[in-house]
Amino acid sequence: MKWLSLLMLLPLAGAAIIAALPKSNEKAAKQAALATTLAVMAATIAMAVGFQRDNVDLQFVESYAWIPSFGINFALGVDAIALVLILMSTILAPVVVLAGWNEAHGGRWSVKTFYVLILVLETMMIGVFAATDLFLFYVIFEAMLIPVYFLIGGYGTGERSAAAVKFLLYSLFGGLLMLASIIALYVMSGAQGGHTFDLDKLSQLQMSSTTQNLLFLGFFIAFAIKAPVWPFHTWLPDAAKSATPGTSVLLLGVLDKVGTFGMIRYCLTLFPEASKTFTPLIMVLAVISIVYGAFLAIGAKDIKRLIAYTSISHFGFITMGIFAMTSQAQSGATLYMFNHGFSTAALFLVAGWMIARRGSSTISDFGGLQRVTPVMAWSFFIAGMSSLALPGLSSFVSEFLVLVGTFTRYPVHAIIATFGIVLAALYILIPVQKALHGPTTAGNENLKDLNLREKLAIAPVIAIIVVLGFYPSPLLNVINPAAKHVISQMGFTDPVPSIGDK
Amino acid sequence: MTTSTSLVYLIALPLAGAAILLLAGRRADKWGHLLGTAMSASSFGVGLYQLMLMLDRPTEQRPVGKKLFEWINVGEFKVDAGLLLDQLSICFVLLITGVGTLIHIYSISYMSHDKDRRRFFAYLNLFIAAMLLLVLGDSYLNLYVGWEGVGLASYLLIGFWNQKPAYATASKKAFVMNRIGDMGLSFAIMIAFATMGTVSFAGVQEHAHHASEAALTGMGIMLLVAAAGKSAQFPLQAWLGDAMAGPTPVSALIHAATMVTAGVYLITRSNFVFDAAPTAQLLVVIVGAITLMFGALIGTAKDDIKKALAASTMSQIGYMILAAGLGPVGYAFAIMHLLTHGFFKAGMFLGAGSVMHGMNDEVNMRKYGALRKFMPITFVTFGLGYLAILGVPPFAGFYSKDMIIETAFNAGGAKGIILGVTTLIGAAITAFYMTRVMILTFTGTKRWDDDAHPHESPWLMWLPMAVLAIGSVSSGYLLSSGDALENWLHPLFDHHEEHEAHLFEPIVVSAMALTMVAIGVAIAFFKYARQEVSSVAPENVSIFTKIARQDLMQDRFNEAVFMRPGQALTTTLVAADDVVIDGAVRGVGQVAMGSGSALRGLQNGYVRSYAAVILVGAIALIGAIWVVVQ
Amino acid sequence: MNAANYLYISALLFTIGAVGVVVRRNAIVVFMCIELMLNAANLSFVTFSRINGDLDGQVMAFFTMVVAACEVVVGLAIIVTIYRSRRSASVDDASLLKR
Amino acid sequence: MMQLALEVGQTAQPEAIMFWILGPMAVVAALGMLLVKKAVHSAILMAFVMVVLAIFYIAQDAVFLGIVQVVVYTGAVMMLFLFILMLVGVDSSDSLTETIAGLRPIAITAAVGFGGLMVSLLGRATLGRQAIGLSAANADGNVQGIAKELFSTYVFPFEVVSALLITAAMGAMVLAHHQRTTVRPTQRQLSINRFRGESLGSAAGLPGPGVYARHNAVDVPALLPDGTPAPTSVNASLEARGDMLDYKSFDLSEVNTQIEEEK
């Protein structure tokens, strides 16, 4: 069964149906979107069940000739890392639709356009993780910007146009650097056994170290902007602040993962030597991201910006894990991508509800919500605890794996990064104290608690956060072989415990 | 190792209680407190059952374990969700569930007027579950889960009345300072994994002999940092006083009897690390000694009864840490003092709660006085605890504290003398401030406001106090008669029996300690019982008192050294992010816009000039061909 | 005779046509200059046809003529339409591209 | 350049004579297109260039194209141009003064560069290569040869081009079709507009052109009662074309002096 193309087609079909609906029937559009995303989620889970977890090769491989004269194929396939990310994306999609049931109102265009954009974006989210043809990946990588641009610019709040343009320009800049590298790879492949965009064949190219370094930078900067790694991060807070909460969830939860996923899939596979050359620099950038993002989060006055800054810190952890080159860090990084998707989703969705009720996103406008809206406050609290990696919640496992894995090879980086957990306590507890605790301040007395739809949306996310905190094995067992494979391809083995030094 | 499935119930019961109470919401308001108490009590029952089973088995087979499931397994990093119940953990299990259950019972009445009582019991159950996980986990990482879990529960309970901003701040402060300690624990685990490839207690114990001393010292120091954070030891002690913002039963359970002693548990549990790392061990002793003086000095100046008791807790845990730092000879005494302290300090906190309950939640001891007549049961139970903490024979504290003082003297050389003298002086100061508390609260003249109507607490409250008072009286004797506890714990610790010459005979030490105590009591008696006590704190006091009232400047220090620079750094970074990094981005945009508007002049809208440009472009193209096709 | 001479003359005519497009303002004259360029290209096609000895070039010139005819028809219709609304056949007056 | 001159010099035979006479004339005519002021003159010069090109085609064994060039281009297309010129009339756009600063020098420089480059490129590309000639290809006759190509190899483009032609015809019709967007004014309405307009000057209709029978009277402005000429009395396109006679020579006072001088 052609699972991956089925997965990519389903949302498109849903989008077509919604596009055919009358503009006035908003409810039908919402229901169709929810049904589609749920169907995609079910299909993804069905596919994941059939995944052979000890097989490190690409699975569910499909390939169709697309532009034969350039050797471009519509080639799909997933390894465990891609599978996990697709799973995360397709689980988040219905949550976002359900949680943001009313957020398309007040946009520049109709409600149904919003859902068409979301579904088209979902197709691309699946495609970008599943593509095994470099050209196909690039096309989807860039095409993803379009729906997001319209989602931010058309349905966001505040200076949404400016934020959308900033997001677009940043991403396009990185994309162009990557395009240059891709073309160079293509040209070189022509000299070494035929033009191709096939990832597998490209990874066997011979090239001088200078070439490799330059091409690596082209890819890495694109991914570093996407991820975002310090100092390429300034688009994220603006975009996250201006976008609707649902869009922000997809933006931070899924789209940004394309950056870190790309680092594993493309930077490490295509340029192993250059990756090693740049690892010291990248590790420093990652550590800076962790600490810097945390400090900015502590100083943030706007709740959406705060969450965006925490994400910068978290992406620092992920990047550090990827380049630390130990199996713990690598597995931890992938697991972190999955977990961050859910903890950020929970934070953003609850924050979105808080903002929608209060009509303000400034933290100090809230106060004493714990006594007015206990369910909403608890949801925020649990999501926040997950964000600060409280043991027993999902983020802890991944964060600790990254730290332990990094420590065995780069102790100093790991030690500095660990200070991030103290800062994390501050950046979560400060908004918790200001918004949830303390006396109920004026303007907050009559806020309504979560309704059934919102509870239904947040419950699975929190369930995943809690369950994976105690029992991450199902995911870890899938990720481990793939992570190990990445490491061994790079020629690394885990550092041996230094026991017996004495 | 034998397995025992019923271990799971120890944790599962209170955890289920917490989950039910939190999820059920207001529907559980009517019976929530009963369920919570029942869960805690049944956990205590399971603990007793386990103790009986353990007593039945021969010494070598006493520890039991239970692997629940594979938690994390990546490469060499394998951690199972496993439980371990041995002679050390059972002490804690019984203390936590026993004292915990008593405090649950106490809270039914104490919190009966609070509309959020159900939530309070949910938090208490959550705490019991997390604390049990802390002492039952069979690896450092499992312990870490419980470690942060109790931190969370403590955060929630300190901030239980977080509608008061100061209380919310206190809870945040506790969590953040605990996190610094947690960071130490993270480092310790990382070092353990990097050097020994394992994080389980058994694994580390097995490999500790081979590991380099540097690594073990590093690990030991980091464990000490962790212990300092959780147990409010120097230099991470500042949160404990503020933590008294929580309801009094919380202070009794978490910030006196159980959670704050987790650091002692950690160090005792890691005995194999510290035994092989003398430098770290020395640091432990130093931290213990500093804290015991630090806490005692703060205790002398506090007028808030809970804060005075909190300072005393800090000081007493200093004793335990000090004992634990003295190596194999000290571990058992540290644990013994921990257990006796659990009884008498919890009892006294409950007593303080009882007093506050009768005094409209007044905490200032200067507004008490002569309460003996109105609260006889509270007075008696508090008084028994008082005698116990002073170390008056045959009360519990006498056995445990004397042992520590004696061991300190026996540490040998100058170290022994310094430590011994420190502990002795500490005992004297303890006697002073505890006597002060007794006198100010229960004797003398009444100083309370007219609207206070002191009355004895209901039986649900005094019953737990009475039980704990019995413990305060008897536990010391029971645990030390025939070296019961020492022998019980003996198999866990690595003894290399080196019979050093005792510096003093035990009886001499006891005599010295009692003398010091008597001096302390006497000074307090003359200072407070013989003079009129003002109901407001006098201002014209010595500089030392002023400093002591401000917790020896600990908050000012933290504020000046960490908080202010941290805030400044944050502000700077926020500004810099906007100006420098985003400024650079915007600068690129402005350059593009500028060159765009400059080039816009070319676009004059005349087709003919566009045609000319095309022509020029064609020339350039042909010229290029001309050049290339030479 | 050397067929290349026709190419030179074709190049000259093409250049003159290009200059005409740039310098003349009357849309109809501009259009005629474009026709001149097309014709110059046609001459090249015919000449190449002769040089290469096959008829492909002539066929191409034929197609060019057809396309040129189409272009003239549409182009002149546009000029008439513009003239009708703006009362001018000057290309400079239709500088809407700027706004 | 020497080589080029040699090659050029070698052109002989009747074709060469024809080329050297007609070629320069065509270039001059093309230049003339740019330089003459009136569009009509440009069109005539253009027609001349096209005819010359037709002759060149025939000289190069492209008989069919030569005929088509004359019939289609010179006959149909150029007539279309003239027809449109007639429709549009004449206006200031015929002026040769440049309105965009610096455009003309740029154009001339570019032209010189472009021409030079083209010529030198062509020289490098073809000099020294002998033309094959079309005698073999035209064995069955030029028209048959082209037909064979057109209906075999190029049949698909041919069809496409035919579709294009039809589309263009349709397009021209659509563009030229003038949709009336307002109601056609009635005579009553027109009268009202005349009398209620800004001035009563044109209430009785525009004045006719002059009545002096010295010329075609349409190019002479009428004189108002005070003896000044009425500018609206002459067709604007005559004025733009510069064909309006100077009314001063008919000014009454001028005429009087003339008469007196003659006396």
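Just so it is clear, A, B, C and D label the chains in written order, and each chain counts residues from 1 on its own.
The rule is short, and it goes like this: a residue touches a chain if its C-beta (ideal position, glycine included) is under 8 Å from a C-beta of that chain, and two chains touch if they have at least 3 such contacts.
In this text, all values refer to a predicted model and were calculated from it rather than measured experimentally.
So which one's got more C-beta contacts, B-D or C-D?
C-D
Indicate the whole-number Å distance between the mean C-alpha point of chain B and the mean C-alpha point of chain D.
Each chain reduced to its C-alpha mean, chain B and chain D end up 99 Å apart.
Can you give the whole-Å distance between the Cα centres of chain A and chain C?
56
Let me have the rounded angstrom distance from the C-alpha centre of chain C over to the C-alpha centre of chain D, please.
12
Quick one: chain A and chain B, Cα centre-to-centre, how many Å?
It comes to 37 Å between the two C-alpha centres.
Counting only residues that touch at least 2 other chains, which ones in chain C make the list?
Residues 18, 22-23, 25, 91-92 of chain C touch two or more partner chains.
Listing for chain D: what residues touch at least two other chains?
Residues 100, 103, 106-107, 110-111, 114, 118 of chain D each touch two or more of the other chains.
Among the chains present, which pairs are found to touch?
A-B, B-C, B-D, C-D
Can you list the chain D residues touching chain B in their complex?
Of all residues in chain D, those touching chain B are 100, 103, 106-107, 110-111, 113-114, 117-118, 120-121, 124.
For chain B, which residues count as touching chain D in their complex?
604, 606, 608-609, 612, 615-616, 618-619, 622-623, 625-626, 629
Which stretch or stretches of chain C touch chain D in the complex?
1-9, 11-20, 22-29, 31-33, 35-36, 39, 42-43, 46-47, 49-56, 58-59, 61-63, 65-74, 76-81, 83-84, 87-93
For a test of understanding, state which residues of chain B touch chain A in their complex under the given definition.
22, 25, 69-77, 81, 141, 144-145, 147-149, 152, 159, 162-165, 168-169, 171-172, 175-176, 179-180, 182-183, 186-187, 189-191, 193-198, 207, 210-213, 215, 569-571, 573-574, 577, 581-582, 585, 589
Write out the stretch or stretches of chain C touching chain B in their complex.
It is residues 18, 21-23, 25, 30, 91-92, 94-99 of chain C that touch chain B.
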